[in-house]
Every structure is written in structure tokens, then in C-alpha cells.
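For reference, the structure I am asking about is given below.
Chains: A, B and C, in written order; residue numbering restarts at 1 for each.
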């Protein structure tokens, strides 16, 4: 049941027509490849997130699509047209910059009108004014039309920047870390506003972020980048439930990873006290004796009280169980995060809903517990 | 810990300011003497200001200095800004280090050397087309010297400018050359203005280059003043100094108000991820 | 590092670069090459007053390079005569005077300017700009007239301002010979170059994190130790920058020694000026200039390396 996005490289677009096709795209700075061999299809009206830690090449990829960097290899096709020969200022793409890059010597209205004024043949003044008003209305900034950018709050600047990049009706909207410059407090609310607006306008959108929550909230599909390469493409659910590699598993959400060898339907030699039972995915059978990792989400770990000295054996076939001791507890209201210490010294984390304990008192720090999970909850990873 | 740094520190400051200003105050005080001696108040009068007002030779020199200053400052802003763009924006290319050295050398090179080298250029038999010594030569010398200062000022402003501003303009359909004029120039405008003013002041104040490169028809104000300092001192020079101090003070105050008052800083570039 | 795209921009950059490159090559580098060439010429009573080493024609009619090292030979001769007592060494004396004056000026500016810049950097933020402007204001007014002000202050007759004060207070009975000596030149140089020392020092010290000083105090360092171990090393770059900005132009200074030194203080700037003007010996002026520039490049390179090292320590 795992490895569905096998190979990870090309993310096919289910059903919808391909809008942007990226083929074997690479970018080299000096001796290092910032982006390597990226292949990706993005569908009409899709919101796609490029997710990765800083330095993974995601911004470079976005800047290549915008025409601000020249690819070292590969090509990009927008509705079948090769973008290579199109310079940045003629591309039907518009970008919202991380710093928002609002022109400090122009008013809000001037900023939004800037792109429209570049259109040839020239738009009529009234047409530009009407479009500016429409755009500012869309982002609810009409009252601020005559203000200067530096008089606005971060959230307001972000909305002006969005209005400016939508004004030219781009065929592709590019967002570079759209919310990174905002306070954490308003970021969450803005995520919903932003994606709601993008869907209302109906523009295809590629956004770059290092924040997995932002990517999962806003995007239809996510592409995870690591060291310049695309490691997995899929919907947030697909990636969370069926990561295809350790990087995806640990980048999206938290996970417990156990490293061992495959013997039959067990992972042996890991730091877990017993061989771990797993259920192999639908694809090819995992190679016997080969190296593998088991990813187990914290909410899949079940924690039970146990008396000291209790033997912890699986109660059902296909269940994994072991004794453990509570090392730390982080109380988060509706749930608690347990840091558990296994007999070998290895720690693992479990997310336990508050309701789990019912009337009983939850185990305290230092108390013995029993951890278990059914085999299908673990995901076997081969890389 | 008091931020003022105690009495010793304050006394030191007062001392240095006294050292800086007492000579200037003396100049001003004795410009109002009625006598002929530049360091004694033999009664109060404005006779030396009247002399200043009648001094046609001086007026010609002031006008020439203003003209050369304005022309040199303008040319220096053009050359210096182009140099700054290359210094900041062009990656390493063959000769780029040489360019850095060449652009900063005029600021430290002793003026007599720069002056001598330009005299040799303008009097060289095979370069007669340059027109020999004179106003043009002084203009060239001042432009060369000032372009180096302008380049430093503009380059530092360019470095702190958010590159995303230009990229955003490009992304919004503005052709590259137009981006420079509608985005870059307005954003760095304070540095351009400061550079122009600095260049203008340097040109107005320069004696060595102007003296070495002047011909009989091109006496700038410092050249004239220097000649007069050698031919006996008169309180008229004090009056001239007073006028200059007043004009400069007012100008500096105005510039501070106009250039520094609305702090319209460009969006600082947030560290770009990846 | 981001490499710029689009070859169109590369072309634009070429044309933009052409102007400063051409201007500086034509009006700065070429003239300097001319200085070197003229320094190897023979003086002549003509216009221009020298015979270029390229002017002579070889037998086959092509121009040949015929350097005349006479000017350098004169400088070398003075060095060779170092051991001879009483020998006339005007150029060597000028070099020594200039270097000594420049070094003293730099040192005095540093001693005067460092505590001043430190106070300025620690002044309340609202006042800092005004205080800084007050330092700059004299710099914006005419340099010649500021030197002229010192001519009045230091005047050696009884009408000299300082002498008036001293006589009036009865501290001296005869007016002191204050003007037209090395001391007068030094005062004038310090006065003129002080802002060039203060500004880089201020720019450096104002960025100094006060928490570092507090941390040092908190860890038990006495104020002098804090200054010697924290403030001074961290402001090293400002010291180097300020010293270079004062020292290098001071070596070649002409106006101040001329106006305040009278006939008594010979410097390189004056010797170049005299050979260029009254003496009409351009090859000699050029040779003196070349030697001075070479002399100045050496300390810049040294200090630059040193500054770079101090920087990497930070």
C-alpha cells in the first residue's frame, strides 16, 4: 500500500489538461546544481506547492519559470509553447516576491497599475484605472489606493503585491514564500484568504514554501524538493499517508523512523526491541535482506498503562508491541505528545488524544507504558 | 552606565568642536572690521562686503566655479553611476579587479599627481585635439575625481537596494532598460542627489587641479583666492568666507530637510530562501 | 550567488560599462602612463618642456624608445650621498618631511578623533545627526579659507590672534614666531584632515554592539580592559580606514605647507609644484611623483592585508 508515487519524479495530472510542462529542468551555479533533472506537469487551475528547506532549489525553480534565471538544461512548455525564447518581461507569468518588492516611489494604485502600463498596445487610462480599482477591491485594499507602500502593515503589503501580480491576468501566478514575511499570528488566517482568492480568480498557481503546514493548507498538490531534485509529488494526503522516502516522511509531519533489514514480512535489526511486522505495498515485493526504514506516525502509536514487569507481547497477530517508559510529556490540550524511551534507549514519540484515557489517570513522567500498533499503520520505505 | 560617557568625554567633544569652529568664527568676526588688518577689529563696518559686491574679478571667478561645478557634478553623476552599476551588478570578468582599483584610486591619489598627470595629457603634442589647458581640462579633472566619490556613494545604495524590485518590474512586463530608469533611478535618487552635491562641493573647493590646469582665461574661485592670499591679506577675504559659510550652512540645512525628511526606504531584501 | 540571466542584460551591461571604463582609462590611467613616460624624458626649453623618450627616431625612421634616466639618477644620487655630511639633498628632505608630517598628522588626528568619534557614536540618537553635521560643516566650506583662518590665528606679528591673546594676558612679552614653520603646517593639516579620520571611525563605532561591552563588564573586566580587549580590536577597521584617508593625501599635500609653512617647510607636494611651475622641469616633477606613488602603494598594500586579517578575526 505504500510507494504509490513510486519514482517520485514526474507528477502526472489526473484528468485535467496539462498547463505547464517541465522537462528535465536543471540549473547550475558554478560547479553545483541548484536544480537538477526536474520533471513536472501542472494542470489548469491547479494550486501547486514546491516544498523544501532553504537551499533546496525551490526558489531557483520558480525564478526559472518566471524567466529571472536561465535554465542550464531542460525545457518548460506553457500550453505547449516553449518558454526558453521568451524573456522575463514578455512571459505570461507574474510573480509575488518574498519581500513583496512593492515600488517605494509609487502609491498602492501606482504599483498595481505598473504592470498594466507596460501592456502594448497601450491600455486606455480609464481601463487601467478600472482594472486597478477592481484588483484593489478584490484584495479589499481600495481605501488604501493613494497610500505609500511603506505606510502599510505586512499583511496589507502582501495583499497589494497579490493585486499587482494578478492585474495582468497572468496565465501562471508564482508565489515565492508568500507568507514568510508575516507574523505567525496572521499567517494562518492569511493562508485561507489567499488560497480562497486564488481559487476565485481561477488562476493556475505555483507557490514556493518551506512551511509544510502552509503547503498542505493551500495546495492541491505538493512537490517535495531536496538538494535540487523532486523527491515526491502528490496530494497532501498521499504524501502524508504514503511517503515514498525518508525525506518526505520526515518533512511532512513528524514520524518515527526505524532502520533495519527485511526478512520475510519483518524488519529486523532495528532499535525496536522486536522484529517489526509490516505490510508490503501493492508494488514489487521488497528485496529480502535489503536495507529499509519503517515510518510510523505519532498518532498511530497506541500507548497503554502497564504494571512494571509486565511482559509485552503482541495481543493479536500482525501487531507490534514493546514496553517503554515515559520520558517527557507535552500537554497540548486536546492531545498530548509523549516522548517514550524504549528498552534499548531509543526514543519514540506518540500523539495521544486526551479522550484516550477516559476516566483513568494518564501515565506520568517516568511511569512504564506499553506501546503498540497494527502492522498496516507502519509504512515501509526503501530509501 | 550613562550613555553620554561622563564629563571627560563631553569636555573632549566640546574641545574638538571648539578647535573646529574657532578659526571659522574668527574669520566671520573680523570680516566686519572697518580697518585694513584681518585680525583686529578697528571699528565695525560693512565696507568689506561692499568691496566684495564691487569685485568684478571675483564675480567672474565665482560664476566660472559654479559653472564648472555644475557641469562636473552632472558628468560625475553619469560616469559614477554607470561605474557603480558595473561595480555592483557585473559579476567577475577579466579586469574587474582592475576596475575597482581604477575607480577608487582618484580618491586617495595626491592631487598634485592627478593634476600633473592631466597636465601632461592635455599638453601632449599628439593630443592637441583635447584643446589644451583651460576650462574643459578643469571640467575633465573634476569629473574624474568626483566620479570616484559618486561611484562609492551610489554603489553602497545599490547594494542595499532590494533586487526583487527590479525583478518585479521585469516580471510585470517592463523591458530591462526601462526598468533602470523607472525603478532603479528613483529608488537610488537620494544617493544620486547626495553624489551630485558632494561632487559640486569638491569641484567648487578644488584648488590644486584647477590651478595646474588653468590657462589665463580660466580662473576659478579657489585659484583667485589662492593668488590673493599670496599678495597680501585683506578683510575682503574674510567677508567672502563669511558669505560662503552662510550659504553652505543654509544649503546643508535645506538638503538635510529635503533629502532626509521623508524616510522612504526601499523594502529591505529579506534573505532569499534557496 | 545569483547569476543574471538574459543575454540582453549582458549586452546592456557592456554598454553601461563602456563609459566609465573609457573615461577612466583616458583621463586617469593614460595620464598616469604619461607621467611615467615623461619622468624618463629630457627637460627642454620648449612647449611642452621635455623631449619624449619616444620622440627620437631610429636610423630606419621608426620611432624608438630612448629613456633618459637623469631625473631618477638625481634622486638616486641624493640617496647615495646620505653618508656625506653637509651635502644638499632637497628631494630626499622633501620626502622625509612629507612622510613625517603625514605620519604626525595621522597620529594626532587619531588621538584627537578616536575619543571624539567614540563620544559621537554614544551620543543620544536624536542628537547624533546634528553633531555629525557639525563635524561635516567645516568640510563643506572652502578649504583654502579654512587654511587662511589659521594664517590669521598663527600670525607671528603682534596682530596675530594667538599672539594678541598671549600678549594681552602678559604670558609673553614678544610675539611668538608661530607661523611659517613645521608646527604651523602640522596644526593646519590636523585641522583640515580631522573630519576624514572622524567619519570612518564614527561609522565603525556606531555599529559596535553595546551588549558586547556590557557582557565584558559583566564577566569582570575593568573599563580599561574592556576598551583594550573589545572596543579597540573591533574598531580596527575604522582606524585603518581613517588613517589611510588622512595619511595618503597628507603625503602629497601642497596648499597647507605652502600657505602655513612659508619657505621653511619643503614637502613633496611643493617640490612637484615648483618643478612643474617655476623650475619648468617636468621630467623631474614626474619622477618625484612616480617615486611618491610607489612609496604610497607599499603601505596601502601592507595595511590592506593587515586590515583583511583583522577583518577575518571578527
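Criterion: a contact is a pair of C-beta atoms (placed from the backbone, for glycine too) under 8 Å apart; a residue touches a chain by one contact, two chains touch by 3 or more.
Everything numeric in this text was worked out from a predicted model, so none of it was measured.
Of all chains, the one whose mean C-alpha position sits at the greatest distance from that of chain A is C. Each chain gets a centre from its C-alpha atoms; the one nearest the centre of all protein C-alpha atoms is B.
Taking the mean of the C-alpha atoms as each chain's centre, chain A and chain B sit 54 Å apart.
One inter-chain figure worth recording: chain B and chain C are separated by 17 Å, centre to centre, where each centre is the mean of the chain's CA atoms. Computed centre separation for the pair chain A/chain C is 59 angstrom, with centres defined by C-alpha atoms. Shared interface positions of chain A, i.e. residues touching 2 or more other chains, are given as 67-68, 88.
Contact of a single residue of chain C with at least two other chains is seen at positions 2-3, 6, 8. Listed for chain B are residues 176, each touching two or more other chains.
Put simply, chain C touches chain B in their complex at residues 2-4, 6, 8-9, 12-13, 16-17, 19-21, 23-25, 27-32, 34-35, 38, 47-48, 52, 112-113, 115-116, 118-120, 122-124, 129, 131, 133-138, 140-146, 148-153, 155, 159-161, 164, 191, 194, 214, 217, 244-245, 248-249, 251-255, 259, 268-269, 272-273, 276, 282, 285-286, 289, 292-293, 296, 300. Against chain B, the residues of chain A that register as touching in their complex are 34, 52, 54-60, 66-68, 88-91, 93-95, 97-105, 114-115, 118-119, 148-150, 164-165, 168, 177, 180-181, 208, 210.
Of all residues in chain B, only 1, 3-5, 9-10, 12-13, 16-17, 19-24, 26-27, 30, 37-40, 78-80, 82-83, 85-86, 89-91, 99, 102-103, 105-106, 108-114, 116-121, 123-125, 140-141, 143-144, 147, 151, 163, 176-177, 201, 204-205, 207-208, 212, 221-222, 225-226, 229, 233, 237, 240-241, 244-245, 248-249, 252, 256, 260 touch chain C in the complex they form.
Chain B makes touch with chain A in their complex at residues 162, 164-165, 167-176, 183, 186-187, 189, 264-270, 272-274.
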